[in-house]
Amino acid sequence: MSTAFRNIKDVPKEEYLAPGHRLCAGCTAATAIRQILKVAGRDTVVVSATGCVEVATSYFPQSAWKVPWVHVAFENTAAVASGIESAMKALYRKKKTTERVNIIALGGDGGTFDIGLQALSGALERSHDFIYICYDNEAYMNTGVQRSSATPYCAATTTCPPGKMSSGKRTEKKDLVAIAVAHNIPYAATATPSYPFDLMNKVKRALDVEGPALVHVLTPCPTGWRFDTDSGIDIGKLAVLTGLWPLYEVVDGVTKLTVQVPKREPVKKYLEIQGRFKHLKEADVAEVQKRADMLAAKFGLGPVREQVQA
Amino acid sequence: MSTAFRNIKDVPKEEYLAPGHRLCAGCTAATAIRQILKVAGRDTVVVSATGCVEVATSYFPQSAWKVPWVHVAFENTAAVASGIESAMKALYRKKKTTERVNIIALGGDGGTFDIGLQALSGALERSHDFIYICYDNEAYMNTGVQRSSATPYCAATTTCPPGKMSSGKRTEKKDLVAIAVAHNIPYAATATPSYPFDLMNKVKRALDVEGPALVHVLTPCPTGWRFDTDSGIDIGKLAVLTGLWPLYEVVDGVTKLTVQVPKREPVKKYLEIQGRFKHLKEADVAEVQKRADMLAAKFGLGPVREQVQA
Amino acid sequence: MLEIRWHGRGGQGAVTAAEILATAVINEGRYAQAFASFGPERRGAPVLAFTRISEKEILLRSQIYEPDVVVILDQNLVTMEGLEQGLKAGGTAILNTAFEPKDFAERFTAAGRIATVDATNIAIKELGTPITNTAILGALVRVMGIVKMETLEAIFKERFKAYAEKNVNAVRSAYQMTKVFDRGENK
Amino acid sequence: MLEIRWHGRGGQGAVTAAEILATAVINEGRYAQAFASFGPERRGAPVLAFTRISEKEILLRSQIYEPDVVVILDQNLVTMEGLEQGLKAGGTAILNTAFEPKDFAERFTAAGRIATVDATNIAIKELGTPITNTAILGALVRVMGIVKMETLEAIFKERFKAYAEKNVNAVRSAYQMTKVFDRGENK
Amino acid sequence: MKRMGLSGNYAAAYAVKMADVDVIAAYPITPQTTIVEKLSEFVANGELDAEYINVESEHSALSACVGASLTGARVFTATSSQGLAYMHEVLFMASALRTPIVMANVNRALSAPLNIWNDHSDAMAERDSGWIQLWASSAQEVFDTTVEAFKIAEDVQLPVMVNLDGYIVSHTYEPVNIPDEEEVRKYIPSKPMKNRLSPSLAYSIGVVGPPEYYFEMKYQAIDAMERSRVRIREIESDFNKRFGRSYDDIYTYFMDDVEYVLLTMGSMTGTARVVAESLRSRGEKVGVVAIRTFRPFPSERLAGILGDVGGIGIMDRATTPGGSSSPLYEDVASCLYSVQKRPILQGFVAGLGGRDVSIGEFEMMFMATKEAAKSGRSKPSIYVGLRG
Amino acid sequence: MKRMGLSGNYAAAYAVKMADVDVIAAYPITPQTTIVEKLSEFVANGELDAEYINVESEHSALSACVGASLTGARVFTATSSQGLAYMHEVLFMASALRTPIVMANVNRALSAPLNIWNDHSDAMAERDSGWIQLWASSAQEVFDTTVEAFKIAEDVQLPVMVNLDGYIVSHTYEPVNIPDEEEVRKYIPSKPMKNRLSPSLAYSIGVVGPPEYYFEMKYQAIDAMERSRVRIREIESDFNKRFGRSYDDIYTYFMDDVEYVLLTMGSMTGTARVVAESLRSRGEKVGVVAIRTFRPFPSERLAGILGDVGGIGIMDRATTPGGSSSPLYEDVASCLYSVQKRPILQGFVAGLGGRDVSIGEFEMMFMATKEAAKSGRSKPSIYVGLRG
Amino acid sequence: MSKQGLKGWKEIPEGGTVEEPGSSAQFNVQSWRTYRPELDKKKCTKCGMCWLYCPEAAIKILDDGSYEINLTYCKGCGICSKACALKAITMVKEEKS
Amino acid sequence: MSKQGLKGWKEIPEGGTVEEPGSSAQFNVQSWRTYRPELDKKKCTKCGMCWLYCPEAAIKILDDGSYEINLTYCKGCGICSKACALKAITMVKEEKS
């Protein structure tokens, strides 16, 4: 598989997401989309699920998109993409068009893990040639930070608030990549805009394979996770460095780590700078550390680095 | 895990599916349900998706069910079950009831793999304590044998008919158990009523674990697969003996074969007795054999037995 | 207008028989409707089908309560209740059975004419399977006229392709072997 | 009926200020409505909030086009267009700024009174963050009356719990430090 | 031209094939299935060069159609009942986004209780969705209307729903005249339509419509619907010229000298005509009026035709529990509200969930309408055939 | 009793808490979210002992509610717009299966274009679904109506939708009188209801309703809806006795000697009253009538009240593209069709997608209604505030 | 075909519920059958596989542990016959009337 | 707040389409900012990470390969500043009016 992006020189200068959109200051989803579109280029159709990105980039009479873009609803992104892919195929075969395009379906975690999962599963099974990108800010942000099935264990949201009877989200984060891989698709990967070259190479590979591909991108959200607007990129890095967000890809069923972490950071470092984890007790932190350790074992990351005693 | 059913003596005599239902003569889904309900017993609520089983067992003013049973729609079986489970929990906690019941959600492959997948995924993620049973006849039978994502490679259905431009279903059968297992549930298994004790033990284990469990039951369908009404049980056995339907269970993520096949039958034997595979060419049969061999390798089944030359 | 009710069992082609007859009428330039009464029953269950035939465009869309003709495709159904229900006085009953038409005179009291044919036997002989819907059409044509045998045979050719020949044999054989009992009243 | 329009930026509490004022009025036994103008803008974007106050039940549900009072919570907004739009002749403008009220006389031509307070500074000092919504309420009460300081303080106690004290200090401090310019006409 | 015996569903499938659609996305549901099965066959045999998307649900079926349609492809889907209900949300989007999708909706009762038989509750519940709704009452009409639907949809850029009664039309074999494929293609040339999602345009479609614009955006589609009236008439007259069969927004029968009328929609029109003819022969001055274009509703013409009839019986095959009356009745009452001489209206709810409406029951409806007209006062909706 | 400043959404949440519901299943959507967020908080803090099901969609939200309700649990959900549309199919099932679910629907425009602001198209598109629909026009009404809704639902065994205008009511803080929890619980005792899914009964629920039975089964729910009229009145008068606030199916204002009336629903009633009062002071004989129970529609009473008014302006916040008129208009026209002295009706479509309806526009509507009444002829629906 | 004897709307249980569990047993499926299973009790070893496989619950266990086929419910699929290792069940064509 | 100058329904593109790609660039987000990034060109090594990370595409690459912040589009999040290993970008509070 190709590794097209090794340093800043390799990155196309063209912008396909215009400024003036209405995403929050410091929103890393915007960063991710800029990076993704640089790889995909002009001949791309983007299908957006309802969510922060959609709402904040397409406020009539203006749009931030410089590629053809369409939004229909919240739950049907992969289905709309299926229709476009099939139509483009038929029109090309019937010589009614000469255009060939990349088709990118773009959904938040809510629009992907929850209400859009069925459409996604169907599209993967039917083996349409498109790429699905889930930008994962781990909650329904557009509607004000409600729990999704991508919300991590223990995190606070407005529909799983901590309280006398609760310490945040009770269940685990759904494993989207595992679900996608269970569909036997040729390419699936995790990414984050904090590691732009890794992300861009993965998008390129996803576009290159025939058939459906999925890239699951962690996009830290200052508003929902409650951290300063300048910290999103760093927090994405910490997610990787703690082992909570291993960067890997699954090519034809074979998993490969793409960014090694020889010495992991303790999860505490990641948790304590985010308001959504403010309520965590020591035991909760230990639980989260356990999860990071399990992920590390599964994907072959290094041990937690020794902490210097303060 | 318990192995409660070893021979016919262990099987409860009580019937919870009454005769007089309107399923086809020779429908093995009916056999499966009889076996399942014997394990679950009286204190069980069954939630049915629209499909053959639902339509043919609940024709007003009669019902074949001897346990409380409810059908709401096609796509929401797991969601209805979620509601029942949560309500029972709340009512018990609030001392408004003393009843505790098994909750069985029952869907065909269409109601599970396709239109009901999202509700299922949500229920699994929320970790409701119920068991989901998919009776898989590999197509939408109730509406007249249309393709589902459980239809196997190359099989003919009315919406993937063979023809000049087509040799039946083009894509692979979706891997339901893998998808369920990707949700980190405590128990998932495959079964078929042709192996009744295996099936019943699995249902028992599924009921015993806390949290969601899934049992994926292959139920050969004389009408849709086009074979004689007396052959469903034998065809189920052949599915197992060819390696096309390995019987296994996944307990807390660990996969275990439950019925070993030391010498497999060639898939040809399975294919040639079913009308839906009548159109297959040698090369198609070889393709299917390849798939069986891959499954055999994955689950540790034996080699194909040497064929006696005629 | 002529109204026919077909009794068969799911999977045995009663609906197909009703359709083929209608197609034949249509192909001969007249008007026909064929429809069935669908339910959740599965293969093997009793089913009803209907054909309406007329020289004029058929506008009527209500069900058929009082058929002119009742056709029973399945031997085992002959014992079932309700077969004779609604049959018009002086109407016709056509049964797949090895028995004589007269044997049913008391059962189909309204029938002016009763015809029987061992369609199952014919089907097994000619087609190798007990699917009686084409054979019974032979009996129907024999008793009722309605369409030409050639019209039916042309449809078989289009519809059954490789099996057309055999079905043609079945329909011809049934045409030959149909026995008719005419009450001679109300005719 | 008194109508107030609040200008702030997402995440800075303009809506909360509108609500707190309404709650205070309600707690004093009178009638109030507080609402906002919501859009897809995210944190940081300018937002509008509104408060209606009356001695009688408020039935009106249309938007407020001509407020009696305009309150600007954010210093940076002071340069924005449209702040003065619709302000009733003889109305009041209350601004968070370190400048003098008179400096805005030409901007808010309709205003009978203009008040300024360095709410940001107060907020940073008292709360440790530049969230100005409680401080600005001090200015409002100073200029307009409307509710008693004690009523506000009681609400802070319920709403902000641990931070109540600090907010009380902020509102008091702002009350003290507000400067008013009265045009003396149209009053 | 060929005269064939075809079911209503097959007639729809043939029309779609002749329209040379590019994409079909549909999910099976009784009694729609034979449409999509036949189309699958056409595609499998290479008789129709189209992508058939085996979607996993109706919500996705229509979503895929919207996506496909925006690329300029000609698109078809078919559904019924629960399937249409499951598309509900996307229906509104398809019309507002101006996608010229054609859908066959095989009318069937809505659950619960589950029922696979005919009534009109599925389509009626979508009467706000901004789709043009045409109603076909025979297999021939299904064919012709489906062909026309593509032309209408692409002309006014609105989706069109062709309704046919489940089983009664969908599964009844009847004579159908099928024109030559060439003729059909000349009528609806399968030229490439505008690809609104082309990179050369880079449009953004389906954006947020804020309060400042939503009303205007929505009104565009309302206006397109209004304008479609004229276009539909023109397209019908072109059809008539080419194929010799004429269609209209309203059909009227036995209207000379008429005193009371039964208003119907869909397949029941046939039986109503038969009964009206027999009543006429008995000297009753009855007539039948049937609505073909339910959306846009032919209010003006209807008011013109019915304005001075003494009594009108309105036969609904759907209900609005707790409503002022039933759906069709309400549309009729609204459009007749301000006519001068106000006819007496008598509502009927009949044939829900596949309940047959017999000749006798039609007679009863005519007579009850007469009775209402004579007495000058009507009863609340009469539930025809309900067991008390 | 406590007088608090609460938004309409919080008022709903308080009512639900006081009703001591057992199960909540809801999916977030703007502007409903603050209801479910507040309820989540109550549950997290142990102030409400309920299972909160974080469903993955609205289709599942309502499905879970149906399942839960059949066990005899008291059940609540809340949604809006696309969420309600996505529930469409299940709405019909909830009513026919007679599950006494209470839902808050925060009225919002339907997409496309996507719009999070208020109009009534979401609820109007569900007017056939067999749900009782109550409309609340202030936070106080939201509280009171939600409390009543549980009692009504459980009494007549039908689901109840409490509608409140998005933002205008849902997010506006106002004074609300909240009774003591004990008083509320006495009014709607949270006794265990009948568990229809108990093993001791082994009922089968949601079965196939063949043509022989479907009509009768469906009619049961229609009848329950009709019977609910009386029960709602009784439940309201009990409410009045206990809490001193009285509700009704219709509200009337300034009806003495009235010549023309504006008919409204939801929050706009308030503005209409303000404008009517000012017009009255200028000598105009205007009145306002507002509908609270849209389903069952108060046809008889409405005909009684409006039967001899000269002109009626009907303000719809929804449309039926291509329909005879708009939804509320059609219900009104149907019920007034046969009154003796037929008032002139003038339709208005206003406030779609959050477009503000200003005082000036209300004046215009009153005047246009007057004009229509005077001239004896009305215009087609007037789109208030539409930029041409 | 007749509507006589069918319940009216007032008599149907609320919500169209079927209140009698297993009432499908009132439904006659005999006419569905083309072949009829005949069980030779002498050959039967009471292994019970016919019982466990029958889709219809048409096979009863008698008090003595032996099995009996209830022809009211048997659809004649032949599964039991095929399942019987000892060939104790044979399928015979239904008699003509 | 005023409705003046807004397009009527006849002028809006069919289906509410936005026909001008990237037209959000007309939307002014300056007022969102509390802090303003100031780039010290002397410290900058042109590593480009600020450019690659900026959520707003507010950083331009000039012809000479150096970077410049376009304050019309910058929301002042501070990501660029934090991303700069050489601390070439500092965030300064916006001036009061």
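Letters A, B, C, D, E, F, G and H mark the chains in the order given here, with residues in each chain numbered from 1 onward.
To be clear about the criterion, a contact is a pair of C-beta atoms (placed from the backbone, for glycine too) under 8 Å apart; a residue touches a chain by one contact, two chains touch by 3 or more.
Computed from a predicted model, the values in this text were never measured in an experiment.
Q: What is the shortest path, in steps, from chain B to chain F when you may only step between chains that touch?
A: When the steps are counted carefully, the minimum from chain B to chain F is 1.
Q: Taking each chain's centre as the mean of its Cα atoms, which chain lies farthest from chain G?
A: Following the centroid criterion, the farthest chain would be D.
Q: Any idea which two chains share the most contacting C-beta pairs?
A: Of all chain pairs, the one joined by the most C-beta contacts is E-F.
Q: Farthest from chain H by Cα centre, which chain is it? Let me know.
A: The most remote chain is C.
Q: Could you tell me the distance, in whole angstrom, between the mean C-alpha positions of chain F and chain G?
A: Here the centre of chain G sits 51 Å away from the centre of chain F.
Q: What whole-Å value do you get for the distance between chain C and chain E if each is reduced to the mean of its CA atoms?
A: So the centroids are 34 Å from each other.
Q: Whole-Å distance, chain E centre to chain F centre, using C-alpha means?
A: The separation of the two C-alpha centroids amounts to 30 Å.
Q: From the mean C-alpha coordinate of chain A to that of chain H, what's the distance rounded to whole Å?
A: The computed centroid separation for chain A versus chain H comes out at 23 Å.
Q: Listing for chain F: what residues touch at least two other chains?
A: Those would be 54, 56-57, 82, 86, 89, 93, 96-97, 111-114, 117, 196, 201-210, 212-213, 215-217, 219, 356, 386-387.
Q: By residue number and range, which residues of chain D touch two or more other chains?
A: 39-40, 44-45, 65
Q: Can you list every residue of chain G that touches 2 or more other chains, as numbers and ranges?
A: 3, 6-9, 12, 15-16, 18, 21, 29, 32-33, 75-76
Q: Per the contact definition, I'd like the list of chain G residues that touch chain B in the complex.
A: My answer: residues 7, 12, 16, 18, 20-29, 32-33, 47-49, 51-58, 61, 70, 72-73, 75-79, 81-83, 91.
Q: Going by the contact rule at the top, pick out the chain E residues touching chain H in the complex.
A: 96-98, 157, 196, 201-207, 209, 212-213, 215-217, 219-220, 223
Q: Which positions of chain C touch chain B when the two form their complex?
A: 11, 39-45
Q: Touching residues of chain F toward chain B in the complex: what are they?
A: 22-23, 25, 49-51, 53-57, 59-61, 63-73, 75, 89-90, 93, 97, 192, 195-210, 213, 217
Q: Spell out the part of chain E that touches chain C in their complex, as residue ranges.
A: Per the stated touch rule, the residues are 3-5, 31, 116-117, 165, 167-168, 171-175, 267-268, 270-271, 273-274, 356-359, 362.
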